[in-house]
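Scrolling down, you'll hit the structures one after another.
One chain, chain A, links the two complexes that follow: it is found with chain B in the first and with chain C in the second.
Right, the complex of A and B next:
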């Protein structure tokens, strides 16, 4: 089998061939590592490639084979793999070595996957372009001058560039689904509480969720089956035994499904090309047998404000742990304890991170708490209530993933760019972005959201959409062609 | 937000803000405040705040201190910037 044909296999196909002995485990790993060497100078998706770490994973074949045995997977660099660096792409953690495995890593190791590397990201997951990484920029595999999105831009680009069929990311307001849309891959944020976050560097704890990247919905579901489930180490983790989200996806279709779609609203300024693609896809879904239900959720217009306040407030509290004392960067030439704190944080944290901590401190301060933090938490309840009402009328909500296309590096995205994905973090719902074609040579993503803990519905709708979208998931991105 | 308020925030957040940075921080934070102000028009009378979306309740256990293994202890100390014996070492905390 040619190397490119191995790289183009889905995770499920690849594992079947490894288990049957058709391809060796080592051949797969070596093929991936070679491909990473070839494309990495252009893409810069990896913060660290675990050449020895990957090859040292247990060999799996024959009877012991699990559904993803031998499959290479890339891990966002804010998830801990024991004895390897976990930097979250911050100077604060530049020399920090993970003393234990994240729960998801334990589960991936038990399933026999190959952990092939740590991927680039916005510093401490704060950003939407992977440009705030303290170490390097990642380029979009479809056009190297464009951002890959973020914060999990490295994981999205790694899958889009066919270096791995699977990757993990984290998503606080769209950090998996927005880069997935920009890079032309499937990105899934499960419902809040379905995947343990133990061992992931926290950003905003009421919103954070670990999720997945892949090129097909089936691969996403199979990976989700492995990483989902109860974990006493994450108190927000739902008791869920033996999940099987990958069941029934092959037969998924839109017949009889009620699909909620958004009415045109002024405050969400959709890129005209995205709007056109959205309308066309609504028609395709309708033609496939779904009942289209037009909806409006008025509080969506407040999502950027609600998100900014809650995310920054929680981040400012979570990041207080970076004090330069127990681990991480410590400033030199300090005179007292207060200077250790102020200079270590001042020197090692990037500008975006410091702005968010300061803004979070602002909204939590006694003078502003009532008008901002408390108000945002109440506004969040309004959004949750309106969303619950909307889901009484439909099974899934269908929207574009983003309101705009990826920008050139250095340009700012609108605060409404991620409004559809952020809605699922604020309400705890699942959300999945699926490639829906190219606009001007660059991928565009469409997004399905299902009520919290009804992740199977979102996955089934995404699988049904994949069959009618016309997207070829085995096509190499143009910048690599 | 004024420069003085910003400096106070820096002290609360334990982040050093240099004089040369004040203007650019203010520009950014004031634009963030403008975005956040949008929620003031939303009627939230009689609405309870949401702190998290889970309906799980806390699980309690007896508060008993268990000793950590030597290995765990060593792992934790190994990643600290400065240690002495079994302690983290910091600059003086009281001025003479």
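Right, the complex of A and C next:
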């Protein structure tokens, strides 16, 4: 088998070939590492390649073979792999070595997957372009001058560039699904509480969720089966109602499904090209047997404000632990305790992070709590209730993943760019972005959301969509051609 | 004209919850471990770590609340209280804001011989902070070290209403509270080890005035008597300032245990904005009525109920009952000794009480020992009193045996056997001794026969001397009276 054909296999196919002995996992590892070396100078998806550990991986044998055994996976650099650096792409944690494994990493290790590297991201997951990384910029594999999206831009680009079939990311307000859409891969944020957050550097506790990247919905579901489930180390994590999310996906279709779609609204300034693609895809879904239900959820217009207030507030507290005392960056030449705090944080945290901490501190101060944080919490409850009402009329909500296409590096995205994906962080629902074709040579993603804990419905709709979207998931991105 | 002032005191008590592990992680709460030995990813705030609530800590708070007549709020939720200081590794403390676990409780104290009811505003559950170390031995460091062993130990914050009107009342309240926590077993209450800590809010106002005066918070009082002394000092300080025409500032003052004065630490203006908000890593949950009822069923007898029982069922005096219930170790000792006598409790309650309150406590006091360290085990003291009550040995001999028990820790039967101290009750043997005594004391016999009955005392003394104190005194009296008829 040629190297490129190995790289083009889905995780499910790859694992079958490893288990049957058709390809050795050593060969897979070597092929991936070679490909990473080849494309990394252009893409810069990896903050760290775990080459030695990867090559030392024991041989996967037929008898003990589980799904995904020997399959390489890239991990966002805010998830702890014991004894390896976890920088979250911040100068603050540049030399920090993870003292333990995240629960998802334990699960991946038990399943025999190959942890091949740590991927680049926006600093401490704050950003939508992976440009706030303290270390480097990641380029979109479809057009190197474009951003890959963020904050999990490295993971999205790693999968899009075929260096791995799978990757993990974290999603606080679209941070998996937006880069998935920009890079032309599948990005999935499970319902809040279905994957343990233990071992993921926290951004905003009530919104953070670990999720997945892959090139097919089936791969996403198989990976999700492995990482999901209750964990006493994350008290917000719940037991699963559905023990397998990957079963029945092959037969998924739209017949009889009620698909909610959004009425045109002014405040969501949808890119005209995306709007056109959205309309076309609604028609395709309808033609496949779905019942289309037109909806409006009025509080969507407040999502950017609600999100910013709650995310920054929680982040301002979560990030307070980075103080230069017990670990992490410590400023030199300090004269007293206050200077340790001020200079360490001042020198090691980037501008975006500081702005969010300042804003979060502001909205939680005694004077402003009522007008900002409390109001945002109330508005969040309204959004949750309106969304529940909407889901009484449909099984899944279908929207574009983003309201605009990836920008050139350095340009600002609209605050409404991630409104559809962020909605599911605020309501705790699942959301999945699926590639829906190219617009001007650049991928566009469509998004399915299902009620909280009904992740199987979102995955099934995504799998059904994948069959009619016309997207070829084995096509190499143009910039790598 | 001097103004009469009324003192107003409220106490804020922090009690470390007596659980094996910390409140949000599995680390040990053991005191005195090597610095940072009892720490983990959670209590050192490593990235990615999340708090896991220890249910036993919630139970302890509910238990305490039920015992102190609190309303238990059915929702348990936490908040973050934010401030930067290295003793609180996350730079926020997980605590409770509204609602606390327990609202509106009360505790009775004795003030001027009368029962006074002190209302308690709330008890909430929170995590303790670690410690900063600024010197090693006598050597002052030019940097500070952080010890997080204490960080994350569960704390109950128990906040009273400002209803105490003298340093003595504050002392009584704190003593009663400490006693109750010890009986409940929810806190080990050692103020020296910092397991129980107390801050006082103190103000004064002209007698009769309704508005409160300017409030001063005093911290760093690390003993019961220190609380009384610090408040006494502070009240006098405030009076002096007002009497000399000055004004008080709202501030926090530290009790200086060396100089025995309070010193200003920070004023109200620099008070922090803690930016409380609901803890997003711990979901609010409901306490079921069953959960609360199950705890209520296991509540132990509290000091005030025990005291009443000692008086009514055992027939002890108010004073003895008070002394014996003033601390859990003492009442535990008493009750163990009582059952150690092997005799029905109401028949030996008083003698055992006497032995504990006078002999034992006196001797322990002189030796500077706590009752838990008593060389005489409670069971053995019980046995000794039992031997006196059933007539095996006399009270006088028992005192000697007790001395020996206190030095050697041996059990009373062994000492009595070794020294041959068993009381002589055999009438023939006693009659023999009585005859010898009558012969040796003709003068006393003469006086007795002449009607001076008190003279028999000297003869009894002689018999006891002859028997080396082992003759049963009642039998001696009876036989002597017969012989001298």
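FYI, the second predicted complex is superposed on the first by the 478 of 481 C-alpha atoms of A that agree within 3 Å, B and C clash if a C-alpha of one lies under 4 Å from a C-alpha of the other, contacts with A are read in each partner's own complex, and residues count from 1 in each chain.
Rule of thumb we're sticking to: a residue touches a chain if its C-beta (ideal position, glycine included) is under 8 Å from a C-beta of that chain, and two chains touch if they have at least 3 such contacts.
Quick caveat, the model's predicted, so the values are computed rather than measured.
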Clash or fit, chain B versus chain C on superposed chain A: clash
Partner chain(s) touched by A:452 [first = chain B, second = chain C, both, neither]: first
Touched partner set for A:308, first chain B, second chain C, both or neither: first
First, second, both or neither for A:91, with chain B first and chain C second: neither
Contacts of A:375 with chain B and chain C, given as first, second, both or neither: first
Touching partner for A:206 - first (chain B), second (chain C), both, neither: both
Contacts of A:269 with chain B and chain C, given as first, second, both or neither: neither
Partner chain(s) touched by A:337 [first = chain B, second = chain C, both, neither]: both
Comparison of chain B and chain C by chain A residues contacted: B
Contacts of A:192 with chain B and chain C, given as first, second, both or neither: first
Which of chain B and chain C A:346 touches, first, second, both or neither: first
Offending stretch of chain B which, after superposing on A, collides with chain C (from 4-12, 40-48 or 58-66): 58-66
Footprint overlap on chain A, comparing chain B with chain C: 96, 99-100, 205-206, 232, 235-236, 316, 320, 323, 325-327, 337, 341, 361, 365
Of all residues in chain C, those that touch chain A in their complex: 41, 44-53, 80, 82, 84, 86, 89-92, 144, 146, 273, 275-277, 280-283
Residues on chain B engaged by chain A in the complex (per definition of touch): 1, 6, 9-18, 25, 28-29, 32-33, 35-40, 42, 44, 47-54, 56, 58-59, 72, 75-76, 78-82, 88, 90-93, 95
Touching residues (chain side chain A, partner chain B) in the complex: 96-97, 99-100, 192-193, 205-206, 232, 235-236, 238, 299, 301-302, 304-306, 308-309, 312, 316, 320, 323-330, 334-343, 345-347, 349, 354-355, 357-363, 365, 371-372, 374-382, 384-385, 415, 427-428, 452
Chain C-touching residues of chain A, taken from the complex the two chains share: 78-80, 86, 88, 93, 96, 98-100, 102, 197-202, 204-206, 232-236, 313-314, 316-317, 320-321, 323, 325-327, 337, 341, 361, 364-367, 369, 373
